[in-house]
Every structure is written in C-alpha cells, then in structure tokens.
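There are two complexes below, and they share chain A, which is joined by chain B in the first and by chain C in the second.
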Partner chain A sequence: MKFLIAIILFSSANAFAKLSVVTTTADLAYIAGAVAGDKASVQSIAKGTQDPHFIEAKPSFMVTLNRADLVVAIGLGFENAWLDGIVKGSRNPKIGKGSDGYLEVGTSVDPIEVPAAGFTRADGDVHPEGNPHITLDPIRDGKIAILIGDRMAKLDSGNGKYFQDNAKKFQKDLEDKTKLWEARMKKTGITKAITYHKTLNYFLTRFNVENSGTLEPKPGVPPTANHIIEVINKVKSENIKLILIENFFDPKVGERIKEEVKTVLLKSVPVSVGGDDKIKSLDDLFENLVKTFEEAK
Partner chain B sequence: MIEAWQFLLAPFVMCVLLVGIHCYLGLHVLARGVIFVDLSLAQVASFGATVALLFELEHYNGVTYFVSLGFTFLAASFFALARKYEHVFSQEAIIGIVYAMSSAAIVLVVDRMAHGAEHIKEALIGQILWVNWKDVTTTASIYTGVGIVHYIFRKQMVELSFGHGKVKSHFIWDLLFYALFGVVITSSVHVAGVLLVFAYLIVPSIVSTLFFKTIRARLIFGWTLGTVLSFLGLAISYKLDIPAGAFIVVEFTLVPIFFLIAAPVFKLERLRG
Partner chain C sequence: MKHFFLFIVLFSHEAFASSTAGQSAFNPDISVNGLFLDRNGNRGNDANSANPNGFAFQEAEMQFTSDIDSYMRGNALLSVGQTTSQQFDITPEEIYLESLTIPQVTIKAGRFKTAINKHNMLHTHAYPFIDAPLANTELLGDDLTEPGVSAAFLIPVSWYMDLTVQSVRGNNPTMFNNSSPNANVNLARLNNLWDMSDELTAEFAVSYGQGKNSNDMDSKIWGSDLIFKWRPSIMGTYHAIKWTTQYLAGVKGNNPDSEFSKGITTFLQYQFDQRWWVQGRTEYFDRLNGNALAGPFIVKRKSSALVSFDPSEFSEFRIQYDHLRDDQQIAEQRVTLQMNFVMGAHPAHSY
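== the complex of A and B ==
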C-alpha cells in the first residue's frame, strides 16, 4: 500500500515538474518540441496528414487537454470549429482563453490576406483575420518559436532560459537556411504557381512567387467547370509551369488540367510536418517544396 | 483557348454511358423491389475505395478499384444469400443494414486519414466533371463486358427479376446478377459518386415505367430521358457555375416527383389501381 502511494505521489510530482504543451497542429508541435527540448512534453491534436480546418472532436482530446499546462493554437479563426468546444470540455481552468496557458500565435506574426470589410460567407471560407497557414513561412516559424519560448518561460521560470535559448537557436537556424532556399528559388526563375487552396501563400510570398490562382473558385468551395476552364486558359496564356496540390486534396482536377496543358508540372505536395512519411521536420517540408520548384524549372 | 464544350464533352459521354447501363439495371432493380441495393452496394464500394486509400494506395488506380470491387462482391454474395430468407423478412432490411454499416464504417476509416470531410463529399457527389477520355474508354469496356454477359443469360436474368413465380429464387443466378451489378456500381461510383449513380439507376427506369409496359419501350424511353437530362444538367450547372454532380442529382430526382404530382393532369392509365 505504501508502495502504491509512493508511486502515485511520485508520478504526480513528476507531472508537476514537467510542463505539458499541447498544440493544435503538427507544425506547431514541431516548433514547440524544438523549444521544449527534454524539459517539457509536447503533443499535437491534429495529425500532419489532417487538414486542421476539419477536426472531429474525440474524447481523447479532452483528456489530453485536461492535463495540459499550455495550449498553443494558430488563431485567426483557424481552429474555430472545434477548439473552443474541447477546451471547455477539458475542464482545465489553466488553459482558458485569455489565461497564460492559452497562446494564439497568428495575430503576432503579421498575417497576410486580411480581407477588406464587407465580405460574407458567400465568398467562401474566408478567414476575416487573414490567411491562417502561417507555419508555411520559415521566418514566421522562427518568430513563433520565440513566442512559444517566452510563454513557456513564464509558466516554468526554472527552465525559462533554456526554452528561450532553444527558441533563439531554432530561429537563427531557420533564418540561415532561408537564405540558402531563397538563392535556390531565385535560380529556378519561377515567378508564378497555381495551388488548390491558399495553403502555400506564405511560402510563395516569402520566396517571391505569385500565386496566380487556386483550383478552388473560393476558399473551401470545390472546383467548378467554369473556374477550371479559366484556370486552364490562364496556365496557357501566362505560361505557368507549376501546379501544386496540397496532398490532402484529390489530384483528379489537376490531372484534367494537365491533359489540356502537357507542359505544366503537376505535383502533390505535403504542406505540414508529418504530411507524409518523409516529412519529419519543417526543414524537410521546405526542402521538399524548394526541390519541387527546381524540378519544374 | 479551350472552350466549354470541349471541356464538357468527356463528362457528357460518360453520362451517356451511365444512362445506358443504369437504366437497364434500374428496370431489374425496380422489378425485384430492391431499390436500395444500389445505394447499399455503392456505399460498400466507396467504403472499399476508402480502405484502399487508407493504405496509401493511389487515388483511383487499378488496385484501388479491385479492393473496392472485392468489398462489393462480398456484399453482393451476402445479398444473394439473403434472398433465401425473403419469406421471413424483406431483403430491403438486409440491404439497409449493410448501407448503415458501410456508411458509418467510412466515417471511422476517414478519421484515420487526411481530409475526411472532403472525401465523404466526393464519395457522395463524385467527380463527373473531371473525367477524361481514358476514364471514358475504361468505363465503356467494363460496361460492355457486363452488357454481353447480361445478353447471353438474358432469359434467366429477366425471368428472375420480372418472372411471375416460375423461378422464385436461384442462388447462382442471383449471385451472378448481384456480382455484375457490383462490377458496374464499383466503377460508376468512383466516377460519379453514390448519389448520382442512384439517380441514374432509378429515375429513368421509374419514369419509363409510368408510361410504358414492355421492357424494350421502357429502355428506349429511359435512355432518351437520361441523355436529355444529363445534357441539360451539365449545361445548366456550367452556366450557373454550380457543382455539376449535385445539380444533376436534384434535376433527375425532381422529374419523377413532378410526374407523380402531375399524374392526374396527364391521365396516366398505368397509375390507376
């Protein structure tokens, strides 16, 4: 009996000792993991292969959140459909909105594509606070690491310096690599690309590639014949060489376009850490995207 | 520049193929009174395709098709088996059970994979707009094969579905019927989706049954109606810039509803007691 009590005490003491961080997406989990090192535990709610727009609430999420010290979310309305519900369901006062245990990083990293006033739901799944796919930009990922590091330092001051140093190192490393990627992207000479959804716009903007259009007529609305005919004619007239399809979308539409324009490179790409077996880090993710551009050259 | 008609030609030809085989099978299904066998098998096929996707097989390649077909055959033989117990309960009960099971199983499977919601929508309304000429020729050859088998065994097939009593049920012929049906459904579901396939199967055949008595007359009428509706559906959905698959389903299903409401005006003899 004494032994049992000892185990319970020990394990709960241990739980207090190590900060538990839960992120909404796999990319955020990767960043938080780099910051946490071995002094905090990190897990993600969405898997890398899942589109975090649509997560089905499962009881296990609430259990996970119930034990969390910090929730890291994208914000910008990205997790609107499901996060509030499971945060409430977790009955964990530490992670309520506005408390130190809840961090939304989106608004602090200067989101792009903030729509002008006056749009409605009829314009598709538009995020009023801007494009939420912020982790597709290596520079913003560095900033996110700093934000996470600062917040973790606030919650666990004993390891504060360790977290903040990790975050700085992570940021510096991505900044250095971005310079190399920038040079390689410039060399490809590709200035225009088409994507299925606006997932890749942060990446494209960072490397001076224009998103000439999406296969979706409006965000979240499936392609229609009219729109695809327009895209085909655009690809032809503007001599666009690359169509990127986020790998959770069916490439069938893209294949139909390729049939009309044989010269275009159609590529299904992972857009998140864990998006396929080979993408184990953000470095892998960006490396793979840069390589795709080099292939299309 | 690519023109709309060039783009929509392959989908239209695909629709005509769908009308061709489904109107014929629809007459069988109506006569057998197993309307939902199609929805059920279609859902099983789509469940099979989903399972194949889960194991990271490519979208819509040959292997995916055969995995999907395998699931459909299992369900088809189960239906053929269940016909033995028709005197105890209607076959529709079994068909309904399989439908519910495969639909819910799809939700469980897509939970494990990317873009589940998207995939479920695709399975329902399909991707008729994006078919290419290769899809058209593949589908045409599968349907032709099924058509030939149906033609060779037409006596047994017709007797089993439309016959009055002589051959009540026969496991082997029932199995053949459901297996062929499964082959058609598996390939049409992956181009057109569960709902569109249902519309093509039931609507032309039910409307033709309102007006005509012989199988031949019903077929010719059903084929004409289906082709005209497909053409209008593609053209209108293009003009209005709305999802083609979903629009065609609504358009098709409105037709029998209209005729039944308007039946007194048309003085439809066949509807009287």
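== the complex of A and C ==
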C-alpha cells in the first residue's frame, strides 16, 4: 500500500512545474513550441523522417506520456495504429480521450477528401474523417496554433494570455508568408503534380495545384507495374512537370518514370519539420516545397 | 385527431432515429480474425497426429472493445476452434475490465492471458511463428489464461519499468489444476525497456508464478524474455530486425519425484521489404524427474524457418518449415501454410 501511495505521490509531485506538452508529430511539436515559448516544454513522438501512420507503440513513449499535461494529436484516424495503446499504457488519467489534457485538432480545421459513404478497405487505407495531412497547409497551421494556445491557456491560466498571444502572432506570420508563397507558386505556372501518397494535397490545394495522381494505386498500397505505366502515360499526355516523393517512401519507383519521361523533375522531398537536416521549421518546409516548384517550372 | 396521430408517428420516428444513431456511437469496436492452415509433414498422416496433414481451420477470434463508463474499459475476445472434424466450440479466451482513471496503475479483472511471459500474452493471430514456442506448449498446454485480478504499475524511473502482479484461479491442465476452492496462482512480472538509440530498443523481463497442482503440491514457473528491436528512423517502413530469446522453466510437485522442465527459444525476424519478412527460430526443451542422474525423460530440439508476405496491415500469408527431433527415431519435418486476416476495427498490437 505504501508503495502505491509513493507512486501516486511521485506522479503528482510536478503539479506546479511548467506545462508538459507531447505531440504526435514533429509539425505539431513545432507549432506547440511556438505557442509555448519558454513557459512549457514540448516534445514529439514521431520524428520528421518517419511515416506517422506506422509509428511503433514503444513502451518508452508511455513514460513520456505519463509525465505529460497535454497530448496534441492530429486525429482523423492518423495515429490509430499506435496512439491509443501508449495513452492507455501511460496510466495518466489527465490525458485520456475526452479530458482537457487530450486535444485532437484535425476535425476543427475543415479536413479535405472526406470519402463518400460506401467505401471499404478495398479502397485502400482510406481515412473516413478526411485526409489527415493537415499540417501541410500553412493557413490551417495557423488555426492549429490558435487551438493549441486556447487549450494551453485552459490548462495553465496564469500563462494563458502569453500562449494565446503567441498563437495569434504565429498565425499572422504564417498568413503573411503564405501570400508571398502564393505569388511565387503562381509565377511557376505549374498547375499539376504527382505525388507518391496523398500527403501533399493540403499544400497543393492551398496553392491551386491539382494532384493529378499518386504513385500508389490506392492509399497505402505500394505501386504496381501496371499502375506505373498508367502514371507514365498520364505524365506524357498531361505534360506534367513535377513528381514529388515524400522522403519516407522509396524513390526508386519514380526513377522508372524518369527513365521514360526525361523532362519531368523527380524530387524526394521532406514533408515534415525535421524531415531532413535543413528543415528545422515550418517556414523551411514550405520554402523548400516552393523552391522545388520554382526549379521545375 | 388525424394531426395528433401524425404528430405521434413523426415524433416517435424522430425519437427512434436519433436514438439508434446515438446508440450506434456506443457500439464496441468489433473485429474478427480468421486463421487457416495447410499442413504437410512426415507424421501428419497418422490418424492421431496433433498436426494432421491437409487443410485446417486453426481458429477465429472475435474481439469486442469499448469503454464501459468513465472509469473502465471492457475487452472481450471469443475464440472459435475446431474440436473434431465436424464440431466447433466457442471459448471466452479473454473477457475483462480495465481501469482508466487510476494514476500509475492499471487494474484488470476478469479472465485474461497471464503475464507469465511475453508469448503467453499474445493472441494466436499475433504469434511471431505459426505455432507457440516448445516451452509454452509443453509447460502450459495451450497457454495460461485464467480468471482473476491484475495490477500493472508503471514504476517512476527514467526508463520503462512495469511491475505486474496477478492472482488467478488455476485451471491450467498441466501445471495448476488443483480442484479445491481458492487454489489461486500468484504471479509477478517485472518488465524493462530501454531506448538504446532512436532506432534500437532492448527489453528484459523476468517473471515468476506459484500455485497448487492436482497432486495438492506446489507448482512453480519462472521465465525471462530478452528482446532487441531495430527499425531505422529513415525508410523505417521497409526494414526492421527483431531478436527475441525466452527462457521458461517450471517445477510440478509430485510424490515421490517432482518434474522439472525447462525450455529456451531464440528467434530472429528480418523485414527486408515493405511487405516481406524472413524469420528463423531454434528451440530446446527437456523434462526430468527427481532422479537427476537418470537424465531427462523428454528432450526436444526444434528448428523453424518462416517467410511472411503481408499485403496490408489486415492480411498475412506465411509459410513455415519445422524440423523436430524428439524421442522418435525419425525427426518430424513439416511445412505449414497459414492465411491470417482481420475484418473490422482491430485494436493496435502492443510493441
């Protein structure tokens, strides 16, 4: 009994320490970090180089979550394969689903590509609530900052105004930069691109570029020879200039297309903060994507 | 009057619609696993073979998971198995409640897979190989799944340390089958996991259990697991390596001579592409009675190789070769094909 009491006391010992925020992805950690400033600690479970669909539920993440005051997740089924297990294993009632310590931002930022009724798993790895790669849109990132700021203010009212002011500043900054990126993207004249997965659709939609197809025949299904022939025909017939491969996928399949269509620019790109050594912020991430389009024009 | 009836019909329809829509949100997550085999071995044509040749329905598992209320989560797993050529039975493999709101500890009550070793906590569809390790099969029969209570503490240290203590009613046919009431089996397991780097983890667990057997004497069981897992941070969906070694031993009290059994299993799993795994396993098991000078009266050595193709997270096709040396003159050789699929909202597997 004394043992149990000691454990419970230890767990509440840091009740007056600064807020501890754990996010599921590196992009969310970057946003939460901008909101938190020096008044909260922030860490991410997934690394920018990892495909967040397939993070393994390492028990060491339970230790991280055990000490968290707030978990920020994308939702929309993005973390289904691993988050529930580590939240449960953390044995931290503060961050249970439905509590103030658990925040899913996806449904609050108007997700795209919500599938029509009647889809099944035969359609691939479809997310019933919409495309979960929401942080690839700078405008939605601003809204996410506001959501995080409000929730942190609720949990730490003493620093509430500080968090909310930071969130507003972050949102304004990204909105201003988006206008500049929009002008540069328009100048490239590129209106169509192909990607490996539908990871970049929020970015493409924001900057009026159509995703003409994916190297995956269906979400989550690896490319097949027949499908790649269809993609090659599409690239030729629609004069597509750019194929973007998210850098956690094998780029070899893109090289097969490049052999057939020499004019197309094939680029393996990071799609998250920390996706490679040079991408240290969301600004870096979007700047790199815009530059890739400028290179392809 | 007509309007009144119309109002009642419309109102009741509305109420029914909202009620059913609301109720469906509270339905548990449901999944069904199907496991089918095709075996071919040099001992499989014997009518009494434990592994007869040909197609076989291995098992179907129906799993229901849901929060019960603000305080507890419920989990029920019903297993459908084949008893004879035309007969099937349904076994409540696991049905338990788990606490949701107690800091640092998860309390579990019901019938559940005990924490005697890592393998014993796995459901059949999640086995790393098609069959269970020799030591688990020989010492525990199918497994050690019993009704009782469990408390799993997350110990506040800088690495992952979990202490699980359990008290269950022993019904296991091989080790813990005392018929008297309250013949409980008490178990403890201490599990540790260290992040050696972002890509490599090391896990080490020790466990111990004790209870009465049918001879009205003590049975004791103990074991350890040592597991290394490597998955790169870059291109991590394409490659991984796992190396697992488990030791399981037990003493079954008997008069005049107690039986002492021990087994060790080590296996390596290598993911060489997004959907492909190749695996190898080697095992040793022996059992001796009190007369150690006479040597063990059961010795088994087994080697296995497996190739797995996983079209998606929800389906898997595996082929396994086994070579077993035991007390028979000719070693058993067997090739088994397995089809494993899941329908519905299956909860994530543990690490």
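By definition in this document, the second predicted complex is superposed on the first by the 282 of 297 C-alpha atoms of A that agree within 3 Å, B and C clash if a C-alpha of one lies under 4 Å from a C-alpha of the other, contacts with A are read in each partner's own complex, and residues count from 1 in each chain.
Criterion: contacts are C-beta pairs under 8 Å (C-beta built on N, C-alpha and C of every residue); 3 or more make two chains touch, one makes a residue touch a chain.
Since the model is a prediction, treat every value here as computed from it, not as a measurement.
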Clash or fit (per the criteria above) of chain B with chain C on chain A: clash
Contacts of A:P222 with chain B and chain C, given as first, second, both or neither: both
Partner chain in contact with A:S60 - chain B first, chain C second, else both or neither: second
Per-residue contact with chain A, leading partner among chain C and chain B: C
Which superposed partner A:E113 touches (first chain B, second chain C, both, neither): neither
Touching partner for A:T49 - first (chain B), second (chain C), both, neither: both
First (chain B), second (chain C), both or neither touched by A:D150: neither
Partner chain(s) touched by A:N233 [first = chain B, second = chain C, both, neither]: first
First (chain B), second (chain C), both or neither touched by A:S90: second
First, second, both or neither for A:A81, with chain B first and chain C second: second
Contacts of A:D173 with chain B and chain C, given as first, second, both or neither: neither
Superposition clash, chain B against chain C - the stretch among 111-119, 165-173, 183-191 or 219-227 that is involved: 111-119
Set of chain A residues, in rising order, touched by both chain B and chain C: 49-51, 54, 56, 222, 248-250
Residues of chain C that touch chain A when the two form their complex: 73, 98, 100-106, 152-156, 158-160, 162, 191, 193-195, 198, 201, 203, 229, 231, 233-238, 274-275, 312-314, 347-351
Interface residues, chain B side, partner chain A - complex: 1-4, 7-8, 59-60, 111, 113-119, 121-122, 127, 129-132, 237-238, 241-244
Complex interface listing, chain A residues touching chain B: 49-51, 54, 56, 217, 222-229, 232-233, 236, 247-253, 255-256, 259-260
List of chain A residues in touch with chain C within their complex: 3-4, 7-8, 10-12, 47, 49-51, 54, 56-60, 62-63, 66, 80-82, 84-85, 88-93, 96, 121, 125, 220-222, 248-250
